[in-house]
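Structures incoming, each one as structure tokens.
Two complexes follow with chain A in common, the first pairing it with chain B and the second with chain C.
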Partner chain A sequence: MNGESIHDNRTAHLLLQFIENNSFIYIEMEDLILLTINLVIIIPLLAAALVPFLHKKNSKIHIGWFIFLIPLTLFILLLRYIPRIANGETLAYTVEWIPTYHINFTAYLDGLSLIFALLITGIGALVTIYSIYYLSSKENLIHFYTYLLLFMGAMLGVVFSDNMMVLYVFWELTSISSFLLIAFWYHRKQSRDGAQKSLLITVTGGIAMLVGFIMLYYMSGTMSVRGVISAVLSFQENPLFIPAMCLILLGAFTKSAQFPFHIWLPTAMEAPTPVSAYLHSATMVKAGIYLVARFTPVFGGEDTWFWLVTSVGLITLFWGSFTAVRQTDLKALLAYSTVSQLGMIMSMFGISSLALNSGFRAESVLFSQAAFAALFHLVNHSTFKGALFMVVGIVDHELGTRDIRRLGGLATLMPITFTIAIVGAFSMAGLPPFNGFLSKEMFFTAVLNAGNAGLSSAIPVVAWVASIFTFVYSMIFVFKTFLGTYKEEKLEHPAHEAPYGMLFSPIVLGSLVVLIFIFPNGLGENLLSPALAGIFPSLAAGENLGVHIALWHGFNTELMMTIGVVLGGILLYMTIRYWKNIYRLFPEHWSFNTLYGNILEQLEVVSRKITDFYMTGYLRDYMVYIYLFFILAVGGMVVFTQSYELEIAENAPISEFEWVVAIVMIIAALSILFAKSRLSAILLNSVLGYGVAIFFVLFRAPDLALTQTVVETVTTVLFLVAYYFLPEWKKEDTRSRSDKVNLAVSIGVGVIFTIIALAVQNGKLFSSISSYFENSYELAGGKNIVNTILSDFRAFDTMLEVVVLLIAGIGVYTLIKVKARKGDTTLEDE
Partner chain B sequence: METLLTILTGILVAVATYLILSRNVQKVVLGTAILSHAAHLLIMTMGKGLKSGSVPILGEGPAYVDPLPQALILTSIVISFAVTALLLVIAYRTFQETGTDNLYEWRDINDE
Partner chain C sequence: MIEMLLYSAITLYGVAILIALYRIAAGPSLPDRVFALDIVNVNLISGIAIISILLDTKAFLDVILILGILAFIGTISFSKFIERGVIIERKRND
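Let's look at the complex of A and B:
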């Protein structure tokens, strides 16, 4: 922790210099070295953009060879950091992105991110070699490698980003590139379905995580993960703390295929095998694990965190291993096995969080060992699971099937593949002399510690039972595939050993499985211990964490448990045909996949129903919605504020003549409703119009009276012309239910309109500005005030009103004159 | 006077609403015409003192009625006339093309 180098503020300045001089000369060498962490993220993304160009010029060489150089270079580049990281140094480098919102592209390199980055680039390089032999050049390789590089860059971004928003951006980019890769063979329906499912589930979790990040930002005031960790004590009591935790965990659980969000992983096996090996066993599914590890210092002190992470991890561990046994497809078996192993890693991180829990201070060092075991198993899992997927890919590629029921007796025909399969599967089962043995022992230590701490004795029991199932499916994987009788008639191609190029990557991974078993401390001291320091910054005594690492063997309960696992596993494996019926208790249509499918289907059905319910397509219905809103919102406001009042004292007196006109108009208006013929309705409408004109006369408005009379006459003529062309009114059923609604709505609208109008009249707050217009002669040279307003004071209105009239005229003309020719309608239909 | 006119306006609005909710396009157009009558009367009523002055032409008296609402209504009359005319022609053309003036039947016409 001594050599932390942060160069936040100088970055913008340096970039500016770079742009101005277009040269690296002005950037100091130290900055250049630091910048490489950012470059590690950027290089694969840039390369992804260049892949299409690469292809056209070098069509003779498989383009995978060019791609291979990128992860290899990055891997070597990152290896060089190991000594510095092992010394406890961390590196950070910032490039400003949106400084206003504290969003900066900060790359932070510590032990934890280095482990993940080495896995991503190392296995990335191996997977690339494997894919060169796996995918023929007839496939769309440009797409494949573009997506793969996009994924690689995004994944490196996830593990290196210190800024939560940037982390989220890369997080979603991994979801998207994974979506693209799963649907690589997009002409197959299962591929598309699998891609859709994985996208829906991981993006849902991703959005939840984004909300959690925003809550963290709100509480802590910083976007930086390191900033949040150092400020955590100041906002631990905030009511948003637990919601933020749950939302971030939701993101982690969906990404890492934890129960019950694990369903996307088995269907994602429709992807090409190199993708399954890379994304869905070694890297992307561990993004959630990374997130949990990264945020342990923030949330680890809470009981909720421990219980959520541990219990979900254990349930996933058990359910994954239990379900894996029933699979007949090798890839599906490995998918459930991945789910199970991820659950195991997750539960170990859950247990390790007790180290930060105030209730368990005394044993904190003990519990922190669980995180060490988790990281150790994470590396181990990546090695053996990558190898196993590649083995399945070889079997599938060479024999044309990966169905266990059609395979068998391949051991002598494919000896190298068989050896790798044994190494991988035995490591997965937790047997010596493979690295899985070590991490399984440490896992047992962790769960025993948790059990001894008086939390729950169920924890070690579940872990132990799940390990037995793990043993069983590992044995199924090896022995059903490679031993037994060889069934050539069921295979598409006769069995033979794969080409060495294809075997290279699994051999490397298999050797690593053995090498890590022999030299676990090399990995432990150089990578895992510094990572532990990152997870538990508050446990300052780094040496304390280191002491326990050497203790990796001895006769103890853990060994007894392993022996028990082996014995129990052998027993179960031998008797599998007798107890396999237990799976019939969980029929296919009870699965979470069916639940997911039903939810998706019901969502569509229900939303369609809702839309169909209110989007009827009838003008009348939409008008009713609008009027109802008017009645409820405006009328409700009037009632709520009690603003209705009636004041008639200041009213102008009403003469008899005015009474007559008003009553005639009321009668005319009401009789329109009962008019049998439309001629009488049109004439009654003109009675209203002329009534309005008479009122204009009475209210000293000669211009209005004139216009109203003329317009009313023309309108009546227009209606009469339309009367000539349009059909007679059909009688509407006035007793129907919708008609009563119409009546109620109309009365409601009229009443509320009247109430508001009356209320407004009594609320004259200030005098009119109209006295200004009485200067019309001095200002505009006219004596008719209304006309000067229209043509001088407010002439703009008049101009646009003329435009309205013009447009209406053009509209009328075109509607009548221009008609679609016969050819036009058919053109539109196409 | 103002109260009487306001109640008259409210009745006009109710009648117009009822017509607009009907299923015959001619009635809907008629409803909009009546609605604009109501609006014009309302603007008039809302002005300063309905009869407390003379015609707004200079030299007619010491005090004038509010000229501003009159100018507004004049503009509005012309616009509502234009809209009514356009609506009528649209109704006429649609009837020509579809053979019905019933809005419920228009809904079922597949014009896509």
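Let's look at the complex of A and C:
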């Protein structure tokens, strides 16, 4: 069965189809296997939900042993796919989730996702064993393994998801579970800070990526990554193409700790060491790499992609290796080393995108092999970096410190740990006979190819210098820790070899480092070549993309560069005390960490300042804002639409009474402003109310006039009731500025209201509906038209008005009656 | 003729209200103001009566009655307020 077999959930239909073609037993197996891809994602998540129950029943056995079975099973399950993947087969299985939005839970298995999945489950199993010995039973193991399984499921979801939205969901789930794991020792401030920082940075990138995905969906009309890849030619000219690329890259760069977003990774080293080994070296930080590899067929044809990915990768490579040398904490050194190696992988993917650039050329295959090197180094890095972190964990666990300045002379006391450290560090430095040597050679080939293609001759130089620093910090890691003088007085516990259970995982990883060096082609042909075919679908058809890795490839430039790295590295390592002062050129407070801290602090300070500036707590200020907004919005609208042309010819004539009452009211209203006492203000206010009542009389509204007089009187009486409790009437000591502002604002509001009220008269668009209500006697049996409207035509309003009065009454009652007794704290005071 | 008389009457009432208003605004003491408000009310009643004649409607007679009652209640409550400081006294001594 070649090509890909897509199965959706119409199982019955599928079964029928298969019965026609094959034997019945074959179908069942086939369906089961396909289902397992989705199950591989779900199983760890389900297990995470079951961890708490597991613990209570089996408190004698360390629960890590039960957890260990899960990644092991998944690993073995996934191993069985290798032959099929090596044949160039790919598998996809869809479970519908939100089909209306094209969001389906599609698990897609090809070479690329299989590499990652094997790393996740394999190293996951090893890390679980290691954690069993690393974490004592006194720790909160339920939390630890729940988070770990959550992370494992999320990470498998990231690499298997074909649907961009589902990919994003799992992506954020990795951020969250990583946040939880970093803050595992949540009582320590550094852990909380590290968790916060990593969450802020990775989620920022994640959101950017989401926006990029939505743009891709908008352009291509499909949520499926494979769909986007096959449709890429149709929307390459879209103006959203480059923004979508940059946003998705932002997500990848933040997750994979690329410059300048690398700062969260060293801080995340506050996590327990198994977490650092698993998440922050082998799996999660490679999610960004995975994303870049996955989207290379989409964006790889663009120059921008090549320059962004390659240059960011190279800068990260150099800056990470350069900064790692100055670290005194072993985990921080490894963190910066991870940053640097991730940059190296990233830059190789950038170079490989040249293969897609400007169509098919002879050297396309040449460039595509950079991606092969990248994938190869990705696997190698996971093996040796995992082992190194575990070594640091052992040192920390057995000796109580991981400060280089307090360590030394452990080689004879911890021989096995020392051996693993040498294997890992030499592989990291790129020395034979370890797998790092092979990938470094291939890296040099890639950068030389890019340099030879006339793109930038700086690329190989930067890569070479960075490799020298890599060599230096690798040597520091081994020799400062394990050689030199033994300083027992500085250690918390005397040095001794770790238990074998703890050593098991690093030994396995260390042996892998050597095994991959000896048999690199097994890995290359079975996993990396199919993955390469997935990254370069356009090339895969015609060419054999596989690279045959030779242990000895003759005396060429790459080997010379490696010899140069070793010689230069030894020279720099020997003279480190003379040139270490160079780091003083970059003082601590110039770092990106400080920038990040300052940004956080300034965000808080500035937003507080802004809030304090306008949230004064004075009602009058808020009224000014509201009225100013009214003036600007409504007044602006009036000016903008030019509706201030007033037509007063059709207005009714104004009678003498109306003039008189209006003048009386104007005088009363103005007098309120200058009233000397509160009582006269109340009286003048009631004059206004009665004036309105007179207007109602004049305009023939007896019901309104009646109600208005009663309500006005009651209001006046209420004012008087309240009067007794009010403070002295005095002029408020406001700033003179606010007086003028108030004057301007009130005049503005009045003018705008008047203009609008007059302008409304102009635009009678249709005749009024009042003629309908004139039939009130026939329709409602009442001669009072106002009352029939209130209680018959539109009684619903009246009902709710009654409810308003009821609520007001209850409110007044509760305010007066329900209050705290003496000595009680009142709610208002809190 | 009648109409002219009515107009002049209502004008005079208006003048009376204006004068009373001046007393409300300027009145040196509170009783002055309350009394002036009472005058305003009474004049309003008369004004509304004349307006109903002019408008030839019975619809506003209710308003006149209500105003009469309210003017009385208003003046009483003001007086009580001036005399006792409160309008509704508490019977209980708690």
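As a working rule, the second predicted complex is superposed on the first by the 758 of 830 C-alpha atoms of A that agree within 3 Å, B and C clash if a C-alpha of one lies under 4 Å from a C-alpha of the other, contacts with A are read in each partner's own complex, and residues count from 1 in each chain.
What we mean here is this: a residue touches a chain if its C-beta (ideal position, glycine included) is under 8 Å from a C-beta of that chain, and two chains touch if they have at least 3 such contacts.
Because the structure is a prediction, the values reported are computed rather than measured.
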item	value
First, second, both or neither for A:V461, with chain B first and chain C second	neither
Touching partner for A:L603 - first (chain B), second (chain C), both, neither	neither
First, second, both or neither for A:V760, with chain B first and chain C second	first
Superposed model, chain A: greater residue contact from chain B or chain C	B
Partner chain in contact with A:P702 - chain B first, chain C second, else both or neither	both
Partner chain(s) touched by A:F657 [first = chain B, second = chain C, both, neither]	second
Which superposed partner A:R620 touches (first chain B, second chain C, both, neither)	first
Chain B versus chain C as contact partner of A:L595, first or second or both or neither	neither
Doubly contacted chain A residues - partners chain C and chain B	698, 700, 702
Residue ranges of chain A in contact with chain C within the complex	656-657, 660, 664, 667-668, 671, 675, 679-680, 683-684, 686-687, 690, 693-694, 697-698, 700, 702, 705-706, 709-710, 713, 716-717, 720-721, 723-724
Residue ranges of chain B touching chain A (in the complex, touch as defined)	1-15, 17-24, 26-28, 30, 33-34, 37, 40-42, 44-59, 64-68, 70-71, 73-75, 77-79, 81-86, 88-93, 95-96, 100-104, 107
In the complex, chain A residues that touch chain B	616-620, 623-624, 627, 646, 648, 651-654, 658-659, 662, 665-666, 669-670, 672-673, 678, 681-682, 685, 688-689, 692, 695-696, 698-704, 707-708, 711, 714-715, 718-719, 722, 725-727, 729-730, 732, 742-743, 745-747, 749-751, 753-754, 757-758, 760-761, 767-770, 773-774, 776-777, 783-786, 789-790, 794, 797-798, 801, 804-805, 807-809, 811-812, 815-816
Residues of chain C touching chain A in the complex	7, 10-11, 14, 17-18, 21, 24-25, 27, 30, 33-34, 37, 40-41, 44, 47-48, 51-52, 55, 57, 59-60, 62-63, 66-67, 70, 73-74, 77-78, 81, 85-88
